[in-house]
Every structure is written in C-alpha cells, then in structure tokens.
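Structures are listed in the sections that come next.
After this come two complexes, each holding chain A, first together with chain B and then together with chain C.
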Partner chain A sequence: MRTAHELTVENDGIADTMILTRSVSRAEVVREICAHLEPYQVGEKPITGETVIAKDLTIDSLAIMDMVMELEDRFDVSIPMSVIAEIHTVDQLADTIGDLRARA
Partner chain B sequence: MTPLPTRNSKLTLRRADFRSVPEMLDYAAQGETGVTFYSVRGEILSALSWRQIRERAHVTARRLIGAGFARGERILITADTWPGFFDAFFGAQYAGLLPVPVSVPVGIGGKDAYLEQLKRQLAASGAVAAVGIEDLAGFLADAAAEFPAVRLHGGVSVLEALPEKPVDLRPLGPADLCYIQFSSGSTRHPHGVQITQAALMANLAGMTGPAGLEVVPGDRAVSWLPLYHDMGLIGFTMAPLSTQISLDYLTPRDFARRPTQWLNLISRNRGTIAYSPSFGYDLAARRAANQPDDLDLSSWRHAGIGGDMIRPDVLDRFSAAYEKAGFSAKAFIPSYGMAEVCLAITFSPHGVGVRTDTIDRVALAEGHRAQPALDAQDERRARSFVLCGKVLPGPRLEVRDEEGKALGDREIGRIFVAGPSIMPGYYGEPEATREVLSADGWLDTGDLGYTLKGEIVVTGRAKDLIIVNGRNIWPQDIEWAIESRKVVKNGDSVAFSVDAGEGERVVVAVLARVSGEEGRKTLASDVALAVREAIAVDCEVVLVPPSMGLPTTSSGKLSRARAKANYLAGLYAPKTAAA
Partner chain C sequence: MGLFDRHAGLLDAYRDVRTTGYDPFQIRMERVLSPTKAIINGRETLLVGTNNYFGLTFDPSCMEAAIEAIRAEGTGTTGSRIANGSYSEHVALEKEIAEFYGKKHCMVFTTGYQANLGVISTLAGQGDFLLIDADSHASIYDACKMTQAEVVRFKHNDPSSLEARLRRLGDKPGNRVVVLEGIYSMLGDSAPLRAFVDVCKKYGAYVLIDEAHSLGALGEHGRGLCESTGVIDDCHFIVGTFSKTLGAIGGYCVSDDPDFDILRVTVRSYMFTASLPPSIVASVRQALRVVKARPELRRQLWDNVATLYDGLKAQGFTLGPEHGPVVGVHLPDRMTAIGFWRAMLDAGIYVNVAVPPATPNGVSLLRCSLCAVHTKEQLDHMVEVMTGIGRQFGVLPDKQLRAAGAR
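This part shows the complex of A and B:
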C-alpha cells in the first residue's frame, strides 16, 4: 500500500485531510459519511444506512460528488464511475468503500 | 516517465494544411511530440507520441477491418481521457469507420439516466459497435441489448481480442465524414453533428492560423476538457495534432477534484495554450489560496474562454488570484464557436485580454439596439457584454432581424454563419437539419448578438430570451442578479418565461437548500426581491428540492428549456401536504 506521504499533493487543501492507511471499521466509514451528510438532513429525520442520499436529503449532485471525492481521499480508494452510478444509499456507499479497501 | 518534448527536433511545423485526419496523423507521427496523460496527483500515467498513437491506431484498424466492419459504419466510444480512446478513435479513422464519442456517467445513482442516454445515442447514430473503459462494459452491454445491430460491445479489451489480420488499411479520405459529434443541449433528442474531414480541416486551418491562435513551434497545449465535447476533441486533440505540438491531459473528473492541478501542469510543462468555459476559471479561482509559491503561469499566452456565456467578473477574479504566479489578464482570448461549424467562428485579438461593451439596458430591452450606456457604473441601466473578436477568414457571419434582413453595427438580431466548415447536417435527421441550415448554406446559430466594428458580441440564446411587455430580458441577467446578491450560489437558479395569455410571465426556479417552511418563504421572497431590484421585473419563484435538481444539458449547462417543460408539467408545484 502507498504511504500517506507519497499521496500528499503539494498545493491542494483537500490533500491536507489525513489519509487513513491503517484498517478502518465499517462503523468508522458510516460515521464519516454521516458527518458529510449532516448539513443536508431534513428536519428531525435521522440519517441511517437506508437513507437514499440523493432523495432523502437536501444535498445536490455537485455536493455529492465533492463528498465522494473527499471520501476517496480520506480512505485512499478510487470508486469506479460505473459503481458510483449504482450507489443510492449510505449503506451501499459504505460497503463500496469497505470492499475497495479490503482489496487494496 | 517524462513528459513528451515540446518541440520536434527536425519536423517542420505545419498548420493544419492537410486534407484529412489520417493525413495529419501520418505527418505528426514523423516527430517526437505527443500526448501525456496525468493523474489527479500530477503523476504521468502514460505518454504516447503521435508516432505511437498512429502505430496503435493501425493495429486497431486491422482488427476492425478483419472483424468485418464495413466502411462508413459507426462505432460508439465512451470518451474518457485515456489512451484507449485514442486507440479506438484513430483506429476507426484508418479503418474507414466513423467514431461516435459519447459522455461518461457522472454522479451517484445515475445509472438509469445514463443507460437511457446511451440508448438514444445508439439509436440516433445507428452504431454497430460500442466500446469504452472496462468499467463501463456492463452498461454498454445493457444499452446494446435492445440493438441487434450492435455486433461488438464492451471495454476496449474487446477490440484488443480481435485478431489482427493482414488487411490493407482503408483510411477515411478528404471526401468522407470524420466522426459524429453529439452537440450540447441534446440530452433528450440527441442530434449528431456530422463532422466532415474537409470541414474539420478548414476550421483547424483557421483556428491554428494567424487569425486564430497562431500556433508556433514551442507551443504546448494543456487540457482537462472532456473529449465527448467539441471544444475538447476538436480544440484539444485535433488542433494540437494538426500542428504537431505536444499536449498534456487531466481528466475532467480530476480537474473537478483538483482544479489547480490544471495550472500546475501548465506551470511545470511551460504550457502556452489552454481553454476553459468561465466555470473552469471560477473553480480554479476558488482554490487560489492553495497555489504553491513556485507556480509560474507566465508561459500561458492563450487562455481561451468558450463554451458558455463569458463572465468578465469570474475572469477578473481569476487573473487577480493568479497574477502573482505570473498570469497575465492579457492572455485571455474570448472565443465563439459551436460543433455545427467544427468549432471556431471568432477569436478575440491576441494580447488585449477581455474587452467589454457596456450598453444601456433600457435601449437593449426596448429597441433591439445595443446603445452605449451613459453611466457604466449604474448597474440598473448598464449591462456589459464581452467582445468575441472578428470572424475567421473562412466563415462569414451575419446578424439578421426577424425578416432575415442583415443588420448593421449595434443592432441586435440572430447570428447566422456560412462557410467551408459548416456541417452538412445532423446525422440521419433531415428535418432537424432544415430547421437550422438553409439551402444556401447559412446556419442559424440560435444565438442573439450584435456586431461592433466587425467583432461579434453574443448576448444570449434566442430561444431563452424572455419578452415582458415588449422588453427583452436575458435569463442569465436574472440568474446572475440572484447569484451576485448571494441569495443562492452559481448554477442554483434558472429563469424562463411562460405564456400568460396576454404576454409572458417570468418564472425563476431555485434549488431550495433550506429546510422548514420559514426558511423556504424567506428564500422565495429574497429571490423575488433580488430580481425586482436588479431587473425591475416581477417573477414567480418556485422552489425545487435539491434531490430533484435543476435540469442540465449533456455538457452540464443549465437547460432553461427543460426547466420550463418541467414547470409546465407541474413538477415544481408545491407539495400540498407541506402547505
């Protein structure tokens, strides 16, 4: 696996985010996703694994892509565009990241 | 790996004086320059000289011919920025097949919409093969399932699996088509612009010549523009190829993630030519705080803008942010063009940057005249438009009134163009072609504008124009007014008009990133107030949930026509339960 040091990009704020090279639990991934989605929560309805990201929240497609990119950086994975196109829920996104990390 | 050299050691630079794409690749292949692909982190992923691109294309061509594909058949290619696209695209050129580059899926949960789009493109082009990156093999298979004519589909590996047979190449020639370009704004009913070899070469000659970018030895292009878009494929594959210069690529997705990586490549490789729509400069300007101390953009002599309405405010922000990195605002080249003319129509002159004409809003609205504003600082009365330069030597340009009469300077009308690079028509769509192309070869661009001492000033899309009580209102004025007052952000509002019996009524659809009835009410009244203050017109504000989003065209621009259709279909009606 590549080290965090090698992945540092000299000039971009996003790269300052700590990159996790140790193993992470699924709960950690879900927590991270929920932290990104919290600002888009509708009313008191909690964000769960079944939350459909593009439908149940007030997040728009650009912000979703920003979040996916930040998650990719954070967990050091690259989600293929065909896989992204089939993700709807928080659970699916967390599972995808988990699977990609397990394969790395 | 090292990037490919900027200069050819022996080969003399020729400016697009070729008759076809295979001919120009044959010539460029005699040098050392070529295409370098970069990752989001700025590492070289691969580097292919034009010579290698040609050799690989020959192999692909012999496979395609050997597999029995007939001359003139179409091959759909998902146009990611990677070597496989070059193999398939140029392979087709030497096999006598017509490539049909299409976009790649974006966003989460976008599978169904993407499959629908692929199917429409397969139907419109009658493609017999569909290839792309391996990741998309499943989508291509799903889309192709309904099309028995598609004999081969999958990742580019399906091309590589075909046996290379000892057959003669059958390169596309000067009298042939080159490829089919799906034009922007064609998501629902895609129109495939027929790009002919002759028209393409004519436009490339203009684009790279003295009235265009005047490409010289030492030039180097850097691009993140998508290759399924004409500005990406013609402007930043064909034009560098036609002048044998080197080219550095970042994918559009990686540009969106790290806009400053585009600038890093220009700095590192001493890039001289790079283009973007205004929004790309906007993205890069927002990340300007992260620029490294040694960023050096002083080599960048042509910073082109095209592909959307040019926004001087955005460009001002960009040049201010990167001035310390050596960027000169004089490098900006506002340009005007479209797929139907194989790209370029006008270029603004070199070395002068963005020039605007500030005209009187009232005269603009009432008299179809672009009258200079008395007080340029008065936002309510003054409106600035960007001068896009003179028409290239090939095409002719006229601004006409509704009766088809040619208009003089400062008179606003529809922009028409004619000349050697005009398309012969949309592929397989004579009716759609007749709507925009007259028998005597004049193309109705669908844009409104006026001329000023021989230069064109584009004011907006004709079909989007809003007329209220005889007053012309440009929808982007409304949208910009809302954005500039920071009511909502760029791209979150779309303005259009609906027929209200005795006239038009203005509707503004905005994405409601607020929750709660109170927040929604405040947002709606803020929008209406911003529009009333800036444009002096009343509007109906409809709030669109972000989950639904505002409709966009295939190239990501807001589609006012589709927003209007959605509105009329009742999609934006408030939920009664919430009321």
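This part shows the complex of A and C:
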C-alpha cells in the first residue's frame, strides 16, 4: 500500500526528477519501471515482472539505456553498462536496483 | 538461427530505406571535383555533408606535400609503429601536434576511431571507472566494450548528471576517467567543458576530450573547445582526427602525463595495425601549418555556419541547439528524413542523413556540415531548396497557409 506521503511526493510536479533517498519498496521500483515502459507496450498485453524488456516491447537498446539513466537518477544508483547487458526482465532490473541501493 | 537473424529489425528498416529509391548508405561519389562539388548520379552536386571544415582536401600545398612524400618514401609503410612503420616524419608529426597543444607527448594513430578505441580502453582497466556522455561517438562506445573498467553513461552535456555518478562512486578505489567530445557530431552542439572540468577536479577524475569536430573550428589557434574554454591544462588527454579539418586520415592523442609513452606498447590499435603512409603524414603536417597560418578559414567557416543555421531557422526548421560546423536538421521520422534527403539530392545538394539507431534519442536528422570555402550564394540557394522541399513534405507550413494565418 502506498502511504499518503508517497502519493503527495508522486503528484508533486517535480517528482519526476526527484531523487528518492528514503527507503523504497520493491513494488515501487517495479511500478516506476513499468511507467517508463508503458509507451512501448504491445497491444493489451500488460507489463509484468516477467516482461522481457528488449523482446516483448517495442523499445530499442538505446532507449533502454536512456531509461536506465532516468531510473539511476530516480533511485540514486549507477548501473554499469556490463550489468545492464545482463538484465532481461523487469524483475531483474528491479532486483538490480534494489541490490545496489542496499549496498550504497 | 541464421547468422543474420539477429539483425532482422535492422534489415527491415534498411529495406524500407532502399525501397524509396537511392540508398543513402551506398551513395557513390562518381567524381569529386573540389571540397564542395562532386558528380553524383551523373550530375554536379553541392557537397554539404563531408566534415571537410576547412576545405583542405584540395589545398595545393597539402597536395604537393603528399605527392612529394610518395616520390621520396613510397606509397605505404607496410608495418606498424612498433616494427618497421615509424619514420622520421611520424615522429616529427607527433612533435608538431604536441607543440600545437603545448603538451609534452603525442601518439599518432592510423584513424581517429582507433585512437579512441585504443586509448580509452587502455587508460581505464580492471577496477577503474569510465564515465561517458550518453551521446558519445561509436568509437567511444566500442572502447567501452573492450575495457574491464566499469562503464557508466551520464546525460548528454549535463555536468550535474556526471556529478551524481561520480558522487555515487564514493570512496571506492580505482581511477575515474571521464570522456567528452568538443563538438558532438550529430547536432553540432558543444560540451559545457568548464563546468565538466570543475566537476572532474572536485572528484579527482581524469578528463579525456575528443576534439574530432572542433579541431580548427574552435579556439583562437584552432585547438578546439579545450582552447576556447581555456581549460587545455585541465584536459589530461586530448584526442582528435586528421579526417575532418585536416582533410586526410589518421588520429592522435596528446597528454602531459610523464608515463604517456607506455601506451605505445600497450594500446593494441596502435601496435597491431600499419602506420599512416608517408603521403598522409606529409599532407597532415602541411594542413596543420595551414590551420596555424590561415585563421581566416575559421572565420569563413563560422560565417557559413551562420548563413545556413540562421537561414534554416528563419524558415521554421527545427535545428540543433546552437551554431556549430555541423547543423542537424530535425525531421519528424525516418521515412520523411530519407525522402527529404533524396529530394535534396535530386535538387543537386548532398547532405548526410542520420536515422535511428545511429542518432541520440531516436531522432531523424539531415546532418549538414559546412566548409570554409562554401560561398554565401551556395548556402542561400540551399536554404531556398530546403524550404521548398520542407513545404512539399509538410515539414514547414505551406506558404499560402502562412500568409492566410498572418492576415
């Protein structure tokens, strides 16, 4: 469940560029990733944790890297390019972000 | 799976491109007449997409120097710099480029691509960190594939995005190497270098800047963005190419680092390829003299930039963010860009067409590059032609509609 506090943060006009320094839930990370991927959705098929980003969606490799750059700033982590290359699904991306945040 | 199956998407896109008529990736210069004219498809065509910023490809003094060198030393060196391919002239050229920048050391490579590939992948190794601008040239991306260092991209021309990434590295051991370009090759925009240098200093990062498109064009002496922004001393490594302003082929890297020469026995793209032929070394040495002796070429180049950029802007085209020797014209999509490009060729004007995945942010562009020896008439004509085609393609509002709207 989202708290009212989180909702106000998200509805704030500057929320898009805000760095989240408080702890974030995995569901929140997944939600954020899905929001970035929505424009590349194919038909009605929903984007889930198992969605293979480069295959199930219409996003190209450069756009994936640009999305990762946005997520990096949102969650205040850096994901090396070699690690990005090994990420296939939404779940894997969320786990990577979670792991990096835990280590920071 | 077939060998080419993984390229299926690209093949489809390429097929689309080819069905429109000429294939922009297989254009043939039937005969090159001058830095600004060639015969293409049987007709004389104005060249506005050749990176030949000073027009030195036909400079008589450079041509004579090359011809003389061939007579004296033959057509090729048939060996690498670490074997039989180091001639006195290679060493002299390195000395002259180092002096041009006021740096202690210079290495010359067979292409600029190889300079970036080899230097960047060697400078940052296991345990180090390579931070690159998101819009970096392919040679920089390819270097990233060859290095053991951790590679992170930052947002194009955004020092705060770089800073966030350096900050996140915290006190992890390992060198930080930041890679920038003086002028970016697709949209002609230049890096906010001073701000980048400040961030790098704060975090103790090395700066490598590729001045491929800014050599000659920027700075009082044409050294590039590092000169025009006054930070040559803060750029630890400056890379460049002979294939644009200097009108030949080859690449270089200069530095003050006392141990720089170790790169001569570690950089594989330097060690395992033949060195530049004597003719090229001779024409490049002469071209560098011309760059130093004729600053008016730089003024002419920027005058021409203003004519084209301001002319297209006034007609309503969407362009790159600032004046630059490269003028990128945004078009709504790939097919419009290809069609527009072809219509221009039919009208006798050649520019480059740049479409995804070769472009940042998936944009489709006509990439124009100016030459100091374009005439104002040629460029005014080009603006007129592009305006006409722009209206036909619905990229610009129709004249009558505009007039009606203005009433």
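Convention: the second predicted complex is superposed on the first by the 88 of 104 C-alpha atoms of A that agree within 3 Å, B and C clash if a C-alpha of one lies under 4 Å from a C-alpha of the other, contacts with A are read in each partner's own complex, and residues count from 1 in each chain.
FYI, contacts are C-beta pairs under 8 Å (C-beta built on N, C-alpha and C of every residue); 3 or more make two chains touch, one makes a residue touch a chain.
Remember, predicted model here, so these are calculated numbers, not experimental data.
Participant: Record, for the superposition on chain A, whether partners chain B and chain C clash or fit.
Facilitator: clash
Participant: Please indicate which partner A:E38 is in contact with in the superposed arrangement: first for chain B, second for chain C, both, or neither.
Facilitator: neither
Participant: Using the touch definition from the top, say if A:V77 reaches chain B (first), chain C (second), both or neither.
Facilitator: A:V77 contacts chain C only, not chain B.
Participant: Where does A:E50 make contact in the superposed view: on chain B (first), on chain C (second), on both, or on neither?
Facilitator: So A:E50 meets neither chain B nor chain C here.
Participant: In the overlay, answer first, second, both or neither for which of chain B and chain C A:M69 touches.
Facilitator: Both: A:M69 reaches chain B and chain C.
Participant: Please work out whether A:H88 is in contact with chain B alone, chain C alone, both, or neither, and reply first, second, both or neither.
Facilitator: First partner only, chain B.
Participant: More residues of chain A are touched by which partner: chain B or chain C?
Facilitator: B
Participant: Mind working out whether A:D99 is in touch with chain B, chain C, both or neither, as first, second, both or neither?
Facilitator: neither
Participant: Let me test your reading of the model: by the given contact rule, A:D60 touches which partner, first (chain B), second (chain C), both or neither?
Facilitator: A:D60: touches chain B and chain C.
Participant: With the two complexes overlaid, spot the stretch of chain B among 117-125, 513-521 or 531-539 whose C-alpha atoms clash with chain C.
Facilitator: 531-539
Participant: Taking the contacts chain A makes with chain B in one complex and with chain C in the other, which residues are shared?
Facilitator: Shared contact residues on chain A (touching chain B in one complex, chain C in the other): 60-62, 65, 69, 80-82.
Participant: For chain C, which residues are in contact with chain A within the complex?
Facilitator: Touch residues, chain C against chain A: 134, 144, 150-155, 161, 164-165, 168-169, 356-357, 360-362.
Participant: What residues of chain A sit close enough to touch chain C in their complex?
Facilitator: 19, 60-63, 65-66, 69, 72-73, 76-82, 104
Participant: Spell out the residues on chain B that touch chain A in their complex, using ranges where they run on.
Facilitator: Interface residues on the chain B side: 41-42, 104-111, 114, 135-136, 138-139, 253, 256-258, 260-261, 264, 287, 289-292, 295, 491-492, 511-516, 545-547, 549.
Participant: Quick check on the complex: what are the chain A residues that touch chain B?
Facilitator: My answer: residues 7, 9-14, 40-43, 52-62, 64-65, 68-69, 80-88, 93.
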